[in-house]
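Once you scroll down, you'll see the structures, which are given as structure tokens.
The same subunit A turns up in both complexes below, where it pairs with subunit B and then with subunit C.
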Partner chain A sequence: MSKVKLSNFQLAVIAIGYFHGSTTISNPAIGAKRDAWIAVILGTLGGFIVITMQLYLSKISKGKNLLEIIEFCFGKTTGKILCLIYILYFMHNAILDTKAFSEFMVTVSYPETPIIVIVLVLIIIAVYAARSGLSVIGKSCEVLVPLLPLAIAIVTLSLLKVTDFTGFKPILLEIPPVIKSSFDLVSSVFADFIVFLMILPYTNSEKGRFKATYWATGISGLILLVISSRNLQIIGPALIEYVRYPSHIAAQLIPTISIDPLVDMNLLIGGVIKVLVSLYAISKITAEIFHIEYKPLVPAFGLLIIVLSFWAFPDAMELYSWEHSMGETLISIPPQLLLPIILLIISLIKNKREQNGQKSQSA
Partner chain B sequence: MLKVIIGILILVLLNLKELITSPSKGKVMGVYFVIVGISLILGILLSIKKAPPSPYEIIMVIFNNMGLGDE
Partner chain C sequence: MGDIMFSFFKSREPKKPKRTGTEVPEDSQNNSSTQIPKSIDKVKGLLNQEFSLCSDFILREVLLGKKNTRIIIASIEGFFDKAILAENIIEPIINYSGEKSYSSIFTLLSESILSVSDLKELYSFKSCLDGILTGDVVLFIDGEDKAFKIGLKSPEKRAVGEPDTEISIKGSREGFTESLKTNLILLRRRIKNTKFKVESLVLGKQTNTDIAICYIQGIAAPEVVEEVRNRLNSINIDAILATGYMEQFIQDGKMPFFPMVGNSEKPDKVAAKLLEGRVAILADGTPTVLTVPFLMIESFQAQEDYFGEFYFASFMRLLRLMSFFISVYLPGLYVAVTSFHQTIIPFKLMLTMAATREGIPFSSFIEALIMVITFEILREAGLRMPRAIGQAVSIVGAIVLGDAAVSAGIASAPLVIIAALAGICSFIVPPLMKVGAILRIVILIAANVLGLLGIGFVTYMFTIYLCGKKSFFVPILSPFAPFRGESLKDSFVVAPIWSMFNRPRSLTQDQNRKRTTGKTFAPRGSKK
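Now for the complex of A and B:
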């Protein structure tokens, strides 16, 4: 195993940046309309449960990464085949984020720039960072991630004058959209923490992992709560359903000054972190399957993500309809929830057997 | 199509040194060129507008037929 060590603070900032991703521009909880804030709270609580399960899986695996855990549970051959599911899933995440990022930039900020230029810029940054290794990713996040809450605070405080707090009422008129939105939030934001099973073994303190990740989850939940409540009050529950990028519209409503580039900056930082962590995990798993260096594979996977993002979602509407379909939630359930639960159960059973074997040998 | 081929060729040339000096160059080059090859074929098909339907389209059709598609 590599000697790279991440501090718990670095783990927390990478996690915040990863959770942030593209959620600042298209909040998954917004489907609950005026009850979006309840969906965010429920989603964050659900996120804590899923993340605890994934952290516990990492803890009982004693320093193993995702590939090693799968191979430990299912054997070498089956394990490698199952790892393909995770490679495809992380690639799916990278494609979604690349496309969301580029479509937003082309629609809102750079309408005359060809989309391929924006995608190339994103992927070149992600490839460079992923090739440089975890310590560079950690240090970059230490500098960049604190800017995210700062930018959100500036936009929110600037909008306090134009906020109408009656938009929260009436509460819970419809319960099913709130439950669905909170599931969407868990699935598209917090349950993606599974990718961190490729990073957690490289943290320097096993004890602080839980604390750092819980802090990251709590801060991300709080950020989402602030964003969704602010957008709801500014745009209104009737209109918010029809707005593709509510945070950007909200920032444009600030009187006298134009600070909507702060929203773009948020997406730029969050989007790059999400794509680069996914890219790092894809390259690392593939390299470990074939017992080779991961660095030469990073540009190749970067290229594949570019091509696949154009193939998968030719335009913004395709992306929008996929994000709002049940397909997104349904294909995320096996890698996010089902496989980790199975891995956890098998790991617990195998660990117990090993302990019993050691006890009987010593007796 | 030419742009896609030139772009991918530049990428390969940039990585060539690292690929050749890699300790297990056979395996690395094998995996690398499979991934780049898939990208090249798909890129060419996209550029001539003859790409097959994307997996997302297929998944959407399947879920729609099962009644799980759109909200």
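Now for the complex of A and C:
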């Protein structure tokens, strides 16, 4: 096993970058319109539950990563086949994020640039970082992720002169959209934490993992809350439905100066971290299935992501309709929730059996 | 990036350890072929053969006592005062009348005749040659297979003066000189402690340059000292004419883009770095001292930051960081903004800018490139040209950069400001000046291709590159990545010196980190 050590601070920072990711482009909670802030709070709480479950799964399997946990529970062959689900799922995430980022860039700032260039920029950075190894990923996130909340703070503070809070009223007129968008938020943001099961075993203290992750989740939830309520206030509940990129519009509405392109650069950080973590996990799992070095696989999967992103989502509308359909939520349920629960139960039972076996042996 | 791309340069074959400065192990290794011949005529022949056509070589033959033992005094002219040689060596030998009894001619010479303080016995002919070449006087005696090495060196040297490259307003004005011994004394005078260790080494096959490794035992991490020793020993090169030659050999990575080894000409700065747990490498002939490990943040630190008001020092530190980023990013940002993101510019400014750009035939990228490169040319010219022409060039430069380019319609006025500002800002952080010049052009090109996204791309790539870099086991972006809260006291801000309780964690041994116990505040009105 490689002995890469990640500090808990680095873990938290990667997690914040990952959660933050592309949410500035498309905040799933926006589906709840004027009750978006309630959806964010509910979603974050739901996220805490799912993440606790995933962290607990990592904790009881003592230093095993995702692949090893699955192999431990289902045996070598079945485990490897089941891992395919995760590879495909992480691949889907990476494709979605790549495409979301590049479509955003093309729509907003670079209408005349071919989209492939934007995709390439993203993938080259992700491949280079993933190849450099986990400790480099951690360190680069330490430097760059603090810029994310900074940019949000700047935009939010510049727009603070708004004092009209009637946009929040009436509260909870319709309950189903709130529930739906909070589920959306859990499934597309927080429950993706499952990918961190490939990273968690390499952090340097087991104790701090929970704390670091909870902090990361809390901060990400807070950021989402700030963004969604700010956008609601600035753009207004009537208009927000028709705005594709509310955060961008909000940045454009800063009086006398428009710093939106600078703010959009944040997406590069968030988008790269999302793709990067998925890419790293995919390559690592594949490499461990076949017992090979993971580094040569990274560019290969990077290329695959580029090609698949064009194949799966040829244009922005396709992407939009997939993001907002139930399909995305549905296909993420098995890898995010069902399998981890099954894994948790099986490993709990197995651990107990082992303990009993040890006890009876010693007795 | 360099590591991956240039891995074919890796064929650095393992080298044998080089000679050390001490004579004993070398002599014990030497075989009989280099022994000093007993016959003085043979010695004379060998010496004349080795030093044929060396007009600065002196060979003086004298006779000792009643037995008329022949003694050869060999040396190189100019390393010492000839009068001292005559008074303390030649005169006593010639005047010796031979009354005392003695066991060997060696003890006689060393105990009764030679009135010098630095006397060593040599056993191999090779080390005799080295001794002569380093400026010592070597005495060969007829019928003996040993020789004396007498140190009389008082080499020509520059007086200790203020270095031109690192000026300080407050604090020491002393700078290193070309003489290794003087430099070591300058350091020793600041650290009067037996824990301050100086290891010596000889490098360079042709030049045989003296090298010294300095560190403070107990503070410097032993593995770093060991690594410095190993890397220096594995250097196999003809000449070490300056510390810069070694720098390229010992730095991490084959082709690092950023500086990986610190340079300084100021003894107080080097002493401070030694006390933080770094290792210094001095070479004879260079006033520049290398310090490792080198962290990026050191480029922004100045010795004066620790002398006065910490809030002002913090302000200066922030200013230096900011000016580095300005110098690197400003031309690129200008190009990105004018060609991709015009909306960022406030409307009134945009009108002025459009007016100034009206008659310019080039795109803002070409314009910026011309100005940035012109600035680099002027900078280099200012550095290389003879001082007498300086005035003329700077006037021409000012006019070319300032007025003429604008009125000739080659560059717009805002761009002149930007190029000049970027150039001047780059002087604030001298260690990163060269890197900055390249980065500025890289970012300029990226900005022209993809606007802000291009700049973001380059920045991200370099961040990842830097995060992967280590200088002697220490990540060079420390204390930012990996994040060390405690060390932030001396990063982009400077805390008061009494509150920097510990030495930097990444550099020092763990058990010996306490630097100060802080300051005790006397209650108001209390007097001793």
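We take it that the second predicted complex is superposed on the first by the 360 of 363 C-alpha atoms of A that agree within 3 Å, B and C clash if a C-alpha of one lies under 4 Å from a C-alpha of the other, contacts with A are read in each partner's own complex, and residues count from 1 in each chain.
We adopt the following convention: a contact is a pair of C-beta atoms (placed from the backbone, for glycine too) under 8 Å apart; a residue touches a chain by one contact, two chains touch by 3 or more.
Please read all numbers here as calculations on a predicted model, not as lab measurements.
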item	value
Partner chain(s) touched by A:214 [first = subunit B, second = subunit C, both, neither]	neither
Subunit B versus subunit C as contact partner of A:296, first or second or both or neither	first
Subunit A-touching residues of subunit B, taken from the complex the two chains share	8, 11, 14-15, 18-19, 22-24, 27-28, 31-32, 35-36, 38-39, 42-43, 46, 51, 54-56, 59-60, 63, 68-71
Residues of subunit A that touch subunit B when the two form their complex	286, 290-293, 295-297, 299-301, 303-304, 306-308, 310-313, 318, 321-322, 324-327, 330-331
Of all residues in subunit C, those that touch subunit A in their complex	1, 4, 340-341, 343-344, 346, 450-457, 460-461, 463-464, 467-468, 475, 477, 480-483
Residues on subunit A engaged by subunit C in the complex (per definition of touch)	7, 9-10, 105, 109-110, 113, 117-118, 121, 124-125, 128-129, 131-133, 136, 138-140, 142-144, 256-262, 264-265, 268-269, 272
